[in-house]
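Dropping the structures in below, format is structure tokens.
Note that chain A is present in both complexes that follow, paired respectively with chain B and with chain C.
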Partner chain A sequence: MIDISDLYVAFGGLTALNRINVKLDAPVVGVIGPNGAGKTTFLNSLSGFVRPQSGRVVAFGTSLLDLPPHRRARWGLRRSFQKEQVVDEISVEDNIGVVLDPLGLSRGEREKALTAAFEFAGLSGLRKAKAAELNAFERRMTELARCVVGAPRVIMLDEPGAGFSQGEVSRLRDFILGIAAFNGAMTLLIDHDVDLIRTVCVNTMVLDFGILIAHDATEAVMADARVRAVYLGVEEAA
Partner chain B sequence: MSRLEVKNLTVRRGTKNVIEDLSFTLETGRVTALLGPNGAGKSSLVLALAGALASQSGEISLDGQSLFGASPELIRRAGVAAVPEGHRLLAGMSVEDNLAAAGFHLSKKQLGAAVAEVYEIFPELAGRRDQRAGSMSGGQQQMVALGQAVVSRPRFILADEMSLGLAPLIVTRLMRVVERLAASGVGILLIEQFTGVALGLADEAFVLSRGRFSYGGSPRKLLAQPELLHTAYLGETAAVA
Partner chain C sequence: MSFTRWPRQQWAPALAVGLAALATIFLANGLWMKVLTSVAIFTLTAMSVALLYRRLGQISLGHVALMGLGGWVALRFSHGFSLPFELNLLAGGVVAGLVGVALAYPALRMRGLYLSLVTLMAAGGFSIVVNNTQFPNGADGFLGFAVRATAYMPRPVLAQSDAAYFIYCLVVTGLGFLLVHLHEAGKPGRAWALIRRSEATAMAAGVNVTLYKVWGFALSGFLAGAAGALLAGSLQLLDAHSFPPADSVMICALTIVGGAWNWFGALIAALLFRLAPALLNDWGLNGNAAYIFFGLALIHALATAPRGVAGKLEEALAAGNRK
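This part shows the complex of A and B:
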């Protein structure tokens, strides 16, 4: 479980996250809201790119905000980015293996972790390929394989489905649904593909102007009048 | 009416032809949906039409005037505005300066009216006109990128992943904007991950697969027959009208 209390982030005069209190305890939790609502800032606060002015984040008993970002990564926090961060000049294997480097695994353990991640992500045939040769979806899957390899505890995905066709999103859906069984990690998912959120997220939290306006079972959240008005754009019949 | 004609266009990246012998025509006032799996060549096509990627052979012309090999600036001046995938804004500059930069060829009065129109389409940006573009959220930056295309008063907009990173509410609003732009005489090439949305709006649809069209024709037919779309995505020629 991730227990978040009083999380507050402001950039100058702009309040990006306004005293968020929430307990996240589903295998996959959706994070949705209008553009600029604070979704990415929320992930950035957890990962360490943004230092909140106040608040506590206790993930599976560890107080994350007390750790520097690299220690959070070593603890088992992983993330992907809106614009995928794959390094063109090195192989797919090196792109993925880089997160294992600080963990001090034996050669055998490392090999086992990599093989499993490649298989899970459907990238086995591309292991030695140079990342520059990959298409957009393979690049996205490379980044996601980097998120799941080894023994992560919390995986945060920032719009992994953006820009992909329905067939590709459906592969992504199977991948995300499989994470909990693959390595036991909890996933936080930001995406604007409502169908993807509905089908993979057990629970969903909704941000609007930095305020948590809903957190509940995904279906209940999608039926919430306020969420429909500010996010889905469905007007209630008068 | 203006026509942007593409004839036998081939675009090579590295050693591979990413667009191969492609021919089609865009007309002002019409929405053309371009679908296809990743790696099919959609983004390369937009970049080639915008002059940002060199084409190997073929012809690109606007009302008979050749744009083949023309600079991106000349193409934009001629009235073809591309919105490449992934927002590439001037991150250190304000929202308003980003919009003004896209209207470099307009008079001060025209620019004022064009920027005001963008704020009408995206009221979210009006309150942030002085904000540094790079400090905004991904979705807000996409709004600015689209705003840049609108500001340049184009005859054609080539939008690569128009709804990328935008909330459903904004996507719905944006599609009404696309309809409005088309009704006002702008020709639109729409690349869109939400195929249902794109097909519901388009006058014509193409499916690109491995650099060639595997479907060209009625968008309604693709909507009604999802298996046709599926086949076309796999690169098998479904029906080329």
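This part shows the complex of A and C:
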């Protein structure tokens, strides 16, 4: 469970997150909202790239805001970025294994974790390939494998499905749905693909202008009149 | 057929370097032996510049000054404590490595042009200091310099002659390559690769960005300092005018021209820096003419060949491989 209280982030005069209070407790939680609603700022404050002016984030008993970003990652907070961040010059294996480096695993444990992650991400055949040789979807899956390898506790995915075909998004959906069974981690998913959110997220939170306007079971959120007005669009008006 | 598992673009340059080294040992006379020894030494410096550029994306304009510092320390230890050459070499490397660490601190806050300017300032500062203190030449006192003193730095026991010292420099430079390779193939290499992609990515993957940046600068400084100590051993004394900031800029530019992404790019940089002007002089041309060519080559490399001459060479060899 992630217990977020009074999370407040402002950039100069712009309030990006306005006193967010929420308890996230589901295997996959969706984060939706219009552009500029504060979704990425929300992930960035959890990652530590943005320092909130106030607030507390307690994830599974650990106060995340007290840790520097790389310590949060070692604790088990992983994330992918809107623009994938795979490094061309090194192998796919190194791109994924880098996350395990600071954890002090034995050679056997490392090998086991890597093999499992490669299999889970469907990349087993590409393990020794240079990342520069991958196509866009394989690059995205490499980044996602970097998020799931080992023993993460919270995985945050920032629009992983953007720009992919139906078939690829469907593989992505199976991947995200499988994370909880694979390593027991909790996933936060930002995406604009409402179908993807509907099918993988048990609960969903909705942000609008930095304000949390809804957090509930995904179906209930999608039916919420306010959410429809600010984000999904109202059919009658269309 | 025995080379099928080892692609030509990797073994061909190694073979060429080996043959050239052998030819040098058997054929070169005193002057050219000195020039090629200096090529071997500056290969180490170019490698240390390339390491920073390739792995941390930083351009250092101060590495010849770090060489000078390594040389100063090696001479100081040599005259002061009569230690074996290897220990003087290590001392030069370690002190330059520590200065590298000091340079890493501004690098934590700034990058690109601004950091390069800091390294250039450091090079300028070193030049002024060393022009006033001179290099130790066996006199008393901390600075160890006197106008009339002329003690030479003893060379390694095993490498007294010029030819043996040339091989010694090749071995040390080879060990430098090995040290860099071991880093790049392991944890630090992966951490540096992510830092170069973006610091946010590196942090999100649990990389301690501060630690690995400092480490990269320390390793790079160590290699440059060791190169300076080798240079001190080659000439057996050093001249304060031999380490101008302009040379730091030049070796950095040539490292990019030679190719920062291949091991033999550093060698190409050193050949351009030391051998090309010497050849031009030998042919009765002004060796400084090479600098005009270097400027054009840098513009060309930045515009069309970001991996430098070595990158182009590798592409050509790899293309031949597929036929």
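Odds and ends about this structure:
One rule holds for everything that comes next: the second predicted complex is superposed on the first by the 234 of 238 C-alpha atoms of A that agree within 3 Å, B and C clash if a C-alpha of one lies under 4 Å from a C-alpha of the other, contacts with A are read in each partner's own complex, and residues count from 1 in each chain.
Everything that follows uses one rule, which is that contacts are C-beta pairs under 8 Å (C-beta built on N, C-alpha and C of every residue); 3 or more make two chains touch, one makes a residue touch a chain.
No experiment lies behind these values; they were computed from the predicted model shown.
After superposition onto chain A, the modelled positions of chain B and chain C are compatible, with room for both.
On the chain A superposition, the C-alpha centres give an angle at chain A of 80° between chain B and chain C, rounded to a multiple of 10. By the touch criterion stated above, A:232 is placed in contact with chain B alone, chain C being left untouched. Within the superposed three-chain model, A:135 lies in touch with chain B and out of touch with chain C [touch as defined at top]. Touch criterion not met for A:106: it reaches neither chain B nor chain C.
Look at A:33: by the touch rule set out above, it reaches chain B but stays clear of chain C. In the superposed model, A:159 lies in contact with chain B only, and not with chain C.
Shared-chain residue A:49: touches chain C; no touch with chain B.
For chain A, the partner touching the most residues, choosing from chain B and chain C, is B.
Once both complexes are placed on a shared chain A, the shortest Cα to Cα gap between chain B and chain C comes to 10 Å.
Common to the chain B-facing and chain C-facing surfaces of chain A is no residue whatsoever. On the side of chain C, the complex with chain A involves touching residues 187, 189-191, 193-194, 196-198, 200-209, 261.
Partner chain A is touched in their complex by these residues of chain B: 35-39, 85-86, 124, 135-140, 142-143, 161, 163-173, 193-195, 230, 233. Interface of chain A with chain B (complex): residues 11, 32-37, 39-40, 82-83, 135-137, 159, 161-169, 192-194, 230-233.
Every residue of chain A that touches chain C in the complex is listed here, in rising order: 47-49, 69-71, 73-74, 78-79, 81, 85-87, 89-90, 94, 97-99, 101-103, 146.
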